[in-house]
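Below are structures written as structure tokens.
Consider the two complexes below, in which chain A is the common component and chain B and chain C are the respective partners.
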Partner chain A sequence: MVSISARIETGHRDIVHDAQMNYYGTRLATCSSDHLVKIFEVKPNGQSYPMAELVGHDGPVWQINWAHPKYDNVLASCSHDRKAIVWKEINGKWQKVYEYNQHDASINSIAWAPHQFGLIFACCSTDNSISIIEFQQDIWKPTKIFNAHDQGCNAISWAPAKTSKSLIDPQERMEPKRLVSAGNDRLVKIWKEEGPDNWVLEVELEGHNDWVRDVAWAQSESQTLSTIASCGLDKRVIIWRCADLNEKKWTSRVLTVFDEVVWHVSWSLCATVLAISGADNKVSLWQERLPNEWSKISDTDDDSRYDKV
Partner chain B sequence: MNVRKKRNVVLHLHEPIDALCATRSHSMVAVAGRNILKVFGLKDDRFEPKLDLRKSKQKLFFSGSVSWSPLKENWIASSSTTGTVNLWDLETQNYVSLSHNEPHFRSHKAVTTKVCFHEFNENLLVSGSKDGTIWLYDTRLAEPVQFFSASQESIRDIQFGLDSAMEDLFVVADDSGSVRFWDIKKGDRPLREFRASPTIVFSVALNPQGDSKSLIATGGRDKFIRVWDWSKVNPDICYSVETMASVGRVVWCPDNNWHVASCFNMTDNSIHIWDIRRPYLPYAAFNDHNQLCTDISWSKGSSADKFVSCGKDGLLVLHYMENAHRPIQYANNVALDYGSTCDEVVFAVPSRMGFPMDRRSNDPFGRKQPSFLYTANPKDPFIATSQNIVFLAKNYKLLGDSVEELCDHNAIIAEQIGEEHVAYTWRMIGLLCTQSDIASNRPKLKSDSHQHHSPSADLKKDDHRRSGGVGQSSDEEDRLNSVNNELLLTGTIPQSVQQSLATSADFFFGLSELNLDGLMFGGSNEMMISRSCSRLSLVSSVDIMKLKEEAFDSLDEADEDSDQEEELLDDLDDENQESNRDKDNEISVYPGAGTLPTWDSLPMLKTALEYYSNRGDVQTCASICLVIGEKITKLIPENQVELWIFSYLEILERLNLWNTSALIIKLCYRPRINQLSNESTFVKIYCKKCKTTSMSASPKCRKCKQNYYLCCICEAIVKIGIWVECPDCGHGGHQFHIEQWFSKFNHCPVAMCNCECRPIINKGMKRDASGSSFKRLLV
Partner chain C sequence: MASSQLYTSDFRNGSVVFYGSTTTSSKETPQAKRSQLTNAVEIKFNTDSTLNHPICHKLIYDFHAIFTKAQSVARMEGGRLRLEDVLILNRRYRLAIRNAVDLIQAEDENHTTREFIETLCAADTLWSLFEAIYMKPQGRSIVVDLLEWARESFEFATELLNTVLNTATSTGTAYDRHELYWNAIIAQVLVGDFTAAYNLLTGNSRFEKDVMMQRMAKIFRSLKIDMLHDKNNLDDFVGIQKHVRELLSSGQFKNSNDLAFICSILIGDKTAFKQIFEGLSQNWYELLPAYILFCHPGADMGHVLQISKNLYNLLVIGKQPVKLDETIFTVLSLDYLKAIQLICNTPSSLWFAAHLTDMIYKINNDNVTGEDVDIRATLLLDYAKTLFTVPQLWEIAVGYVLESGLENAMELLDTQVAELPIDNVKIANRLLHICQKYDLVRAHLDITKAMTLKFERESEWSEALCWAIRNETTELVTQVAHKVLLHARPESISQMAMFEQLADKFLLSPALIFLHKYYQFNQLTKRGYLQQAAQTLCDLIELGLAPPEFHTVLFENMAKILNASNEGDDLNSLIDRATICDLMRRLTLFETQEMVRTQGIPENQILERTKLNSQITVLRRILIQSLANRALAKTT
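For the complex of A and B:
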């Protein structure tokens, strides 16, 4: 069961493509086809108030992402207009602090790296490339992975920051940064940073037989297993698992085959629940009750319930 | 059946192309630029070079517009920089041959910007110029036949009526943003006039479709394509499309009433096709050009699935609709986010959701599709609600009593919210721990447990001080933060900091290094602090001063009743004994806990933890690890334990449970977690004289060179020891001098300062509750 707790009037004039809660769950950012990014304050009682309207994109805004609060209130957005914009709240006013425009086509996805790595975001575009932009000494420094996916790259997600201890080196070290990307070449690819600004392809995961729409790396630091969920036009959701990233042995498991194209996957905070949405406009939640046994725990059915709210 | 895709045809002409026009049948296309004027035959898969109208290095004076006579296939008109209109005869391939001078119309005083043929009369054409004038020509006559002018603004676009009912009409757009309709017979004033844009209108397009012929699209610098119904006297906007950049050209797609193609004359090289009913998301996009696209021409009739475009990059491209990039394929219809806490999902669905069957047949571009945004809570016994997490986090006891007592307590807490399974686990762990020595090495901070039991008391105290102090900030978060700080600071400074402080010499306390050993920070020596502090024998006339209002709350308490101190000493002895006992019989069990621990119960504990870890219940994992203590790392890799605690801390932070989070950081036996309390903790020194703050450890203000710590009584620098100051006027000095002074006086020792530094304390009033007390700083 899912109980609808509130309906928020966004005032967007067209489809809302993405909605993201901030770290504390106190603010909600939305972005829409109407070129706008909006920020709402959400009270614990479910009421929400519009806070800001961010104007700067010239096309439908596909995705938004909040940075970790240790970098203050920072939001990144990406759009069909080939721009990625970083917004920051300075003295209560939202301002554009950085605009990245080195892609030749629509930027489809944007994601902040785990905060332990610093203020870094990655975005990927229909022009096949992925950009990783790091904020260092007051400068945004981009690195690009060219030809990451043939025919365009649709989604991107960061691996959680983990530390590792090797037998030789007792000093604890951060695992290198890793990214997972999904593209129209039906592949899910894992990228690893080897040395500064040098990203190499680590693994190619084959399993989808149509465009891969979305990919999400479970942001759970507490689990030793690495888990990735991906979904695509082939109506499948695949869970990829790996015990040791360095061994590069990934197992795949098709969660289920849906009746409709699957658009979006999203993990819960502890990576125990997976939310999936598809072209039928349904949202379903899945949980792994037993190892590798996924069961649907709730479903927002498309009945008239929404209208009653 | 696999139909072979028609591929876009690209021809590189190596010269920037400014304009193109096609014959009505779309069998030939003329392209024109500064150095180029060529005619190509249009085939499905190629461009056939037909004519090159530019002879040798002849100057074309071309200025941006070319028009093909819709009726006479061998006539092309082109605009020129000299203000003339050149009429080309393709049969002779020369504009000169038609007649020597006559086709040269020189009427404009400035550059001709646009030429356009009459759709139904082969002899008529109009031209517009930068000077705002429009001339109508008859090709049979040497002189222009009609003159139109309504403004001084440069003409940008002209189009003749496409329908026989309005054949003598033409529409003009100019730099002022106005759109005017003229009748070729009436040169005195326009038939209709409206303002289409606040800035330049670059392009106008009349809808060619019979049933919506009263629609006109305009595109301009304001990045909008607007569609107007011009049949009304005051045309109003029917649709408006918000584009990415300044619109250079607008063209209606002949096969669809709603589709408009556009290209930009700034920043963006792509061609977009819009459905005017869905004004934000392009219906299709083509990205074949490397530089700005300058002109578009659609095929008409049966082959309306293709169009020709040209660009500044010299490319002439034949596009097929099937090769379009469709942004809607990338548009995520349902926004979805699993909220920051464990039990909230945010999702937005299109407002017309609910009828998947309908949806398929419906055109997604039929209209705008605003979304409904919902927040929802999944209700499932396997998903912890944030309410429960908050309750457990606030009420779990993680330290203080014996393991069994803690486990019992936590089991009861878990039971209260119906977490039977967790409660059972706690009970089991309580039992298992009595069976084994796993929990024998627990951190023992008695004085901390006191705080843990009464966090609310802390809050009240804090409130009280705040309200008596600066302001009445009732902001909850603020208050929590301050409590957080306090908790962090009152805690023992862990071993690691002590080390780092001792090794890093750039942190300087006053004139001498902070003598850590002397001050007894760290380890389990907190009671030592209170003891050593109480031995400072502060005279009762001076209130117990707070160390920068932060630490030593425990000190106050310890000083208040020395009984407690004795207790603490006893405790310490007890502990020593206890730990000695532990050392003596490492493997054995506590006396009285049974004599036959024949089976190893620890794997069960491990299984339990793994179970909760897999379920994602890091709260239970972390809490168990904290209760059991450091020896859990013999069972579970320390990495894993840290990860659980880190994850739990993150959840606590997200839920704004700063108290609990700070407490765990303080109590945790893992140094990496303990260190968190030192992150972004720093001291700033405030100069009272010049009101600047400084991070430097120098005892002198960097700006005014004033020494911070000058005793106002002996006028010497307070070198080592304790600096005492009045929080109101800021005057202070050696502790001894200040105490002496205030044993006699109540007012400030500094002349001219009227501060009543020592308020008269009512009898019976508790010392530390007084409003004004002296601040004490380690120097």
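For the complex of A and C:
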């Protein structure tokens, strides 16, 4: 049974583009076309209190993402103003600790890598490129993937960190870092880091008929499969699965075709529930109750419908 | 918001006049005033002379693909486009323009290509300027937006940077040895890319030991243009300029002319701008963003027009503004309607005006939603009309008419397609394909009728009949079928293979049915089915649909077929007794009708009378013979 547990008035003066809870569910970050990032404290009873208003962007802020709590309270944001900013709470005050402005157009999506890889974030832009920025020895070191997608890159998501062991070499090793990106070339692409600062295209996934707006890599494996969800202007949500990433054999399944454009997909922490939102102003939650059989578990339209601002 | 407007249009002469009253806005923005439609503006369209150029065709096709995508995305978003989507599509449009420029530059240069290149370059510049003014989020500094315009549109900065770096890479020499090194740094300053300027400077091989360079590098580091979005940071920026002025006046850069010159730019020294215009930049507007930044860093949108005119007067002495200059002034004055007018008045620019207006209207931006006048629809329609003048571009033109959003778009399309010149069957078929796709009834009728009449004139009867049948109106089919019967040779009717595929529904008129049957008679005869052939011929005579002139043919055919049968060993006639008697009655009736019909007409004008009488006599004799044979066959 799905129900709304709280409604939070953000006080943003314009459209809110993203809202993200932190790891523990105690903080909510929101970002808006009013150029602001806001942080709220959220109590278990659903009450919320504004904590901070982060000023630094010069355009609509498209997305925010919390880093792993082992790095304390760190948040990344990306904006139309071509900047990605990293914010950190220091002694109770939020400050800008890093600004990345090496893109030539709007930065549309930003995501922190799994914490096992260190403090690394990736962002992607309308200028077709993807940046991966790593905090190493007190400096932020960017690497760029140029021409990742024709006509702009809309979304980015990291693969979960995986360790591997083999009989030959019993020492546990980290699998290479991987990213998935979505673009206006109708493609979902998987990138792999083959060496320091060397990212290569591993797989191109074709299945969408129009611009792909969002992509999300499930952070837990389901049935020992790597799973990615993508959605786009073709009103489809596609689930992509792969048993062995090194084999590069991905299968796809159209979860459903909606009546309107689908904007975002987001996995729950254990990757058991997929949240989907779209231009029909609805948010729906889907669960795979049987292998490859997805059911909508949020059935009440009234509860999950939001009017456009 | 209140507004009243009306427009009149004279599409044939390619002009439309817009009248309007002042529009008021419910949401005033500090930096942008709403465009006010207060005057009558006549937009006249120049005929496009470059439309036949293959590269222009490519550009048109590329634009059409992007346009179609824009409509498709907007449809899914309720008719508007998100800001990011507009910017993506704008990039594609501008990339198409640049690709066209590259292709033309690879051609041999002549007057036409030079003009076309100029138009394209102007379009690229203006498009990005429109984007900077009309398609940005609110609450931004116009100074910063214009600097972004500079970085996106003016290639001189990137070209200089690449020249210096590439030469250094290829020759292995330090890039600060390049003769254009300082020009490259100045160029980055002029487009507000202080990071690139800083990197160039700090990469100088003498940087570590040169205190002046280090000072300048520090200045570059401190200049963060984005801070100007917040008016509160203006003092910081002005403070930096003041610091630079102090360094300059105290002689801190006296040993470096280049660095001193850069300081002059940074403090907004007009002499420096004049020198740059003479040496580095070809166009005054390429210096506008830097001029505003360094001379008027706190400028609002309302000030930009006057500042740009001041700059023009400073740099361009003794020359009147050319069309591009006027258009830039008009864009900066926020009178976008007038700017569109100026663009339309430029030869070969209607494609640009139409698509640009489409994007402006699509964007979900309050700054331009105040206009109620549907200039977009008008421009798309007129652009479509231009495309209709080129056969290769008709299908694309149809798309623009349909997307114009006009209520009577289908009707206009129907009329337009119906009026297209049809030179040959291939073109006619192409047009019919369009008619079928979009259900253009009137055009379909006009085109098929035109083709029918064309083939009639050429006495191509089979073709004429085919087109008449495609027209599907009984009158035309009957008219043509009748003419075929009157004028076509019987042999040619028997060769009209179209009747093989004729489904019953195409038998629209009795005359066509008659022709079909006559064709069938001929086929039966050829295949040796004489009995069926004879029966068919009897039916034809019985139908009485043939014009009198064709009866000669029928009687002759009947006489031949029966005579051949009579002379055979088989006494059984091809037709039975009742039919023979019917035919004889028919002959008598026909004779009587002919006498009545030709009464009063002088004998010497009835050319076929003798032949007909002779045919009737012969046929009557043969029929009697057939009757006799049947009687004999019965008795034996």
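Going forward, the second predicted complex is superposed on the first by the 295 of 309 C-alpha atoms of A that agree within 3 Å, B and C clash if a C-alpha of one lies under 4 Å from a C-alpha of the other, contacts with A are read in each partner's own complex, and residues count from 1 in each chain.
By our rule, a contact is a pair of C-beta atoms (placed from the backbone, for glycine too) under 8 Å apart; a residue touches a chain by one contact, two chains touch by 3 or more.
Because the structure is a prediction, the values reported are computed rather than measured.
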{"item": "Joint occupancy of chain A by chain B and chain C, clash or fit", "value": "clash"}
{"item": "Touched partner set for A:C270, first chain B, second chain C, both or neither", "value": "first"}
{"item": "Partner chain(s) touched by A:R7 [first = chain B, second = chain C, both, neither]", "value": "first"}
{"item": "First, second, both or neither for A:G232, with chain B first and chain C second", "value": "neither"}
{"item": "First, second, both or neither for A:Q151, with chain B first and chain C second", "value": "second"}
{"item": "Contacts of A:P114 with chain B and chain C, given as first, second, both or neither", "value": "neither"}
{"item": "Contacts of A:E260 with chain B and chain C, given as first, second, both or neither", "value": "both"}
{"item": "Per-residue contact with chain A, leading partner among chain C and chain B", "value": "B"}
{"item": "Partner chain(s) touched by A:G207 [first = chain B, second = chain C, both, neither]", "value": "neither"}
{"item": "Partner chain(s) touched by A:S33 [first = chain B, second = chain C, both, neither]", "value": "both"}
{"item": "Identified clashing stretch of chain B versus chain C [254-262, 632-640 or 722-730]", "value": "254-262"}
{"item": "Shared contact residues on chain A - chain B and chain C", "value": "33-35, 58-60, 62, 80-81, 105-106, 108, 126, 260, 279"}
{"item": "Residues of chain A that touch chain C when the two form their complex", "value": "33-35, 58-60, 62, 80-81, 83, 101, 105-106, 108, 126, 151-152, 184, 210-211, 233, 260-261, 279"}
{"item": "Interfacial residue positions of chain C with respect to chain A in the complex", "value": "72-73, 76-78, 83-84, 87-88, 91-92, 137, 139-140, 144, 195, 226, 229"}
{"item": "Chain A to chain B touching residues, read off their complex", "value": "1-10, 12-25, 28, 30, 32-35, 42, 46, 58-60, 62-63, 80-81, 104-106, 108, 126, 154, 162-163, 165, 172, 214, 220-224, 260, 263-264, 266-273, 275, 277-281, 283, 285, 287-289, 291, 297-298, 300, 302-304, 306, 309"}
{"item": "Chain B to chain A touching residues, read off their complex", "value": "223, 242-245, 268, 278-282, 287, 325, 327, 330-342, 344-350, 353-356, 359, 368-380, 382-383, 613-618, 621, 639-640, 643-644, 646-647, 650-651, 653-656, 672"}
